[in-house]
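Structures are listed in the sections that come next.
Two complexes come next, and they have one chain in common, subunit A, joined by subunit B in the first and subunit C in the second.
This part shows the complex of A and B:
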């Protein structure tokens, strides 16, 4: 019972604006830190944070206002450019946009601007409300984020790659990337976000990205999380979809000590479609927690969720997905599937697929399975001279392939397959 | 379509058919809850000291606990000091035959259609009739006694078989378990006790008829069923209650202890007063039901048909401790008007090669909310555990809600856990198909809903299956011919 109050006093100790002069702070930031200091970090008793142990995060004294470290050179980041040769790379270090490392040649279909600009204020924080503790922290501390604005009737031909680094080589840094994507009417864009960490110390990446998908717009957002074993990540993605729009998101989590993803998709007008795909390949002491909420607020919308976990060693997988169908959202089709494979005795999977439905003329279903790979399939391989390790890897590859296939970028796909092979400890070269 | 709406309106608009009040003199305790009330209850029942100690311990625990709020239900705060915790029909000598039964009690049963005589003669069901907390009459006891089966009221068991009660009471649902279990442990008035000795197969369905009677009386039943090695019992529990305007709290505890090779089947038909169309009145049904498969190859099966109560908050669970043990849960939950149900099960797999099956069918109409909430936990040592869950929801109106909140916790790679859930309405094409063949829309809805529940009804014993279908017919009044 006392831990809650302790946490609050702890946060009051650790989390403040330090020596920044109060008049430089916007009212939003002040309000957000107050909100956070009132609520403190969530605990295991919070239904939304059940199963996820945040003690490492709570007990690490992070620097919340780390400057962007520009000691990276273009050649340092070359190997992280996985979105293909013609992709537009936007580099963020500790959440701060670094123009000198980013691509200069840009498609004319979109523009970038600071997320703190006046234009951005039309959208910023409209979806991600600061009453969630981690969003409150992000709202209080983010700086250097971008508004990516795709003009109406434009198709951005090049993939936009948001390359995120958390630089915790000299101290434990809490980075607060905050980006905003606005896709106007009839536009089309593909974005890729990859998260990496440079660590000697524990790092925290607390990222918030808001998407506004306009009428008949198409947005694909693929996320690769490949931080190292000292990295903690809390990632929020919000999307608001207008009439007949499509929003597809695929999240592939390979690295990181603890990763928590929160997806909130609101289908606010008729005819919207959302695809949410997730793949986690976890080992060692990794914990990966995927939370989704698809809010069907209008009729004739569709959503599809596919989440897969492959868990080895002491890995802990969590899936908590919710389909919420409001009373007006008749003719909704919403599906959700969570499939999980446990490879070791110590791996744990907790799944909580939920339906909350207030409209009658709907088709909604969800399914969840947890088990191990098919013995007979394994036997089939082995009887044909394929060793156990490779046979397992192939089966896992087939299992994971379902999600990787959904990504529409060949370079990223190839990169993910390479990572997958590495993680499954096999020499086989996978291809789609 | 307007035809459909009309039917749904009729379906959801039907009144509670079983509401009536019988005037039996009740011996009631004053309102409120404190140690004195607990002593009063204990003294009233001539309980030994250890029983009173148990109650007081539970009461002290309860005072420390907080009312749970996680369920998907809304209700005004309960004033636990505004409840009468004990009410018994005045003792009128021990009865020698059914003829001596209070004529009003008898009439009550007759209205419910469970004439004791008829049941005794025709169906061979031993009925332990509970009216407002005290067992009035137990039939067929002699016949059961010949086999060594003990089937009596809980208070009798406390007096006559203290060693069994002491050993098993609280072993499956400890008084520390949850808020309402603690409350029940402190103030339980009576209930049923059943012990099936080693290797005995109980020749008849055991049954208790619950009635909530005096206004403002909380009903705190406590049932304990013990099946010794290789024993088998099928237990029926059915409920109807008279119409009342004031919310009544019901916090029962049911414990089942199954030893090696034992099998217990527990079936419930619950039709307490659900409140009127505006959500006024109705029973709050906050129940803790749990079975423990303690030995190898033990099996516990819960079947429930829930049509009543303003609020249902109930999760019959099975702890699969013994290797190869089996747990089953079959449920039909119907909510209508302003009813709220948050029900489901917990299957805790501990032993090796354990398996569990969950089939839950929710039907919501009116402005009701119907939630399935279930937990499947596969422990680290539960090798080759197997679970299959299926939760379907059917929506009969556009103002009701159907929700599914499953929790799946798996810590063993050899386990196979599957969960499926769907939500839909009665298909227009299905109704059209029936219409085409000369079946009216009314009948079609009844047919489809009955078919939808068939999987669960099939699990019910014969006597109950009939009653369950009748209840469904009443709940779906106007659509079933």
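This part shows the complex of A and C:
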């Protein structure tokens, strides 16, 4: 029997793999394994990975087929919900959808089914190609993810909350969430994804989410990454936008030892708009890497990127943002800004904006600034009686707050601001 | 209330204050004038505790304590307020939130309970009238996009909110037209209560028509070289600083 264990362990000796019955090995999974076997993990020599040290990930023996839904109860997950949000909660443990932990009553505007269903196969893997090593791994191992299908002309009134846990309490688990969101013509939906870890052991979450945004559809996707100091994450988000559609994504990274987010937006038809916002508040031993690619393939599209990092201790922030404007994409507006504050001498930021423009009638700009905290502003606060620590927190809070302000979901916004105040270690009562 | 004795201060090894003496009693308004580069703003910065300045000698006793070793926030909590010459813009922090934090930090240092939102709003509304600060100004980010006049009014508003015992106004009149100057001066005058003292640093006599000082001092080359009453300011306006320089050089 040709198990995944035998196949992949030939190339990566340190990783132990569980067993998957051979009948589950679809041609796509087999192909993904072959692809991974040829490439192996990315190395620091690879341009797209040159700032990210993957050695912990490579050297940890993960269980790739950990059992999932039975290990948590409804009361366990309650505190991870977003307070005050009118949300439909879909719970994923180790990448597997757990219906018994998820909301039972659902808005009528959408349906869910397995990402391995006949219907899902129309979209699955059409954007996320297995020639990327981590997409190959996800494609080989994912199981139990969802297709979230929003019907044409429907507005989903409630927020859809994808609540992800990696349960590595008893062993190191590699989870492979694989989800698909299809928003048909003239639909509107707001999704939240939050990532949490339950671990004593190192955990890996390697997720792939593909969005198909139909004509004049609106999709907002806000991601909160709040895992703990043993958690590793490699995420891929792909979005393909049709005519006059809007796709907004905000990624807020507070926790996790190493987080790599890959965001690929394709504006394939005229009139599309994309907003990409990112905030990282990194501290001790944290590495957070945001890679974005916005592909302007059609005229009259707009994209706006704002990525901010606040890095303390020996945190390492990476931003690599690429805007690609194809020859036909006239009248493109594409803007990108990366702003970073280093709070300690040991913190490091690598920012690499890239513009590739093949059209001649476009407005594009990018800018990256990395600096220390504004001493003059700090003195101003202190001269009004606000202590140094609180002044610092208030200034950082303000710096970070404008990314969070871009999120349209008020409950999530409040949740994130609270988390931010905690991370900045202040008791000051904040309002924006 | 404030006693400055033989104060010497450097910035980047250049001595700016070279033995400055000044005595201020409760309720007094002292104007400090002087040509450019005489050390006026340095004095304001040293009093507020700006870290770039290095005090090499002398003492500053405020309410019986030498403040030179104190952090800026502790000086503020003790009752010293600096109205900045160039107030900085701070995006993302609303004026109201900033003031609420500051007011409550000062209260905490005095062992007072923090104001809740309702009490704070009441206090703010009261003080807003003093310098014609409107609601939109309190809701905007601190000084962000403010005109020169709005920034200076905001400084006086903050002073009114924090109710210091000593207000140091560092060239608050610079860049103000006559109407803005009057609003700012009215705000300061409203805070004169017979106990609160002020140091009004200015290059021009004009401001002193509105904020009438008890004493006028001329700062030149890091020392106070001449002191008098408000008439001295008029004399300076008329004759400039050259005669003072000549007196000093002899």
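Everything that follows uses one rule, which is that the second predicted complex is superposed on the first by the 407 of 432 C-alpha atoms of A that agree within 3 Å, B and C clash if a C-alpha of one lies under 4 Å from a C-alpha of the other, contacts with A are read in each partner's own complex, and residues count from 1 in each chain.
Methods note: contacts are C-beta pairs under 8 Å (C-beta built on N, C-alpha and C of every residue); 3 or more make two chains touch, one makes a residue touch a chain.
In this text the structure is predicted, and so the values were computed from the model without any measurement.
Once the two complexes are overlaid on the shared chain, A:382 sits against subunit C while remaining clear of subunit B. By the touch criterion defined above, A:352 lies against subunit B but remains apart from subunit C after alignment on the C-alpha atoms of chain A. In the superposed model, A:402 lies in contact with subunit C only, and not with subunit B.
By the touch criterion stated above, A:394 is placed in contact with subunit C alone, subunit B being left untouched. By the document's definition of touching, of the two partners only subunit B reaches A:371; subunit C does not. Of the two partners subunit B and subunit C, more residues of subunit A are touched by B. Interface residues of subunit B, counted against subunit A in their complex, comprise 70, 378, 380, 393, 395-425. Per the touch definition, subunit C reaches subunit A in the complex via residues 48-51, 71-73, 75-77, 81-82, 84, 87-88, 90-94, 97-102, 105-106, 109, 141, 158, 162. Of all the residues in subunit A, the ones that touch subunit C in their complex are 374, 376-377, 379-388, 390-391, 394-395, 397-399, 401-402, 428-432.
The touching residues of subunit A, when paired with subunit B in their complex, are 47, 51, 327, 330, 340, 342-345, 347-372.
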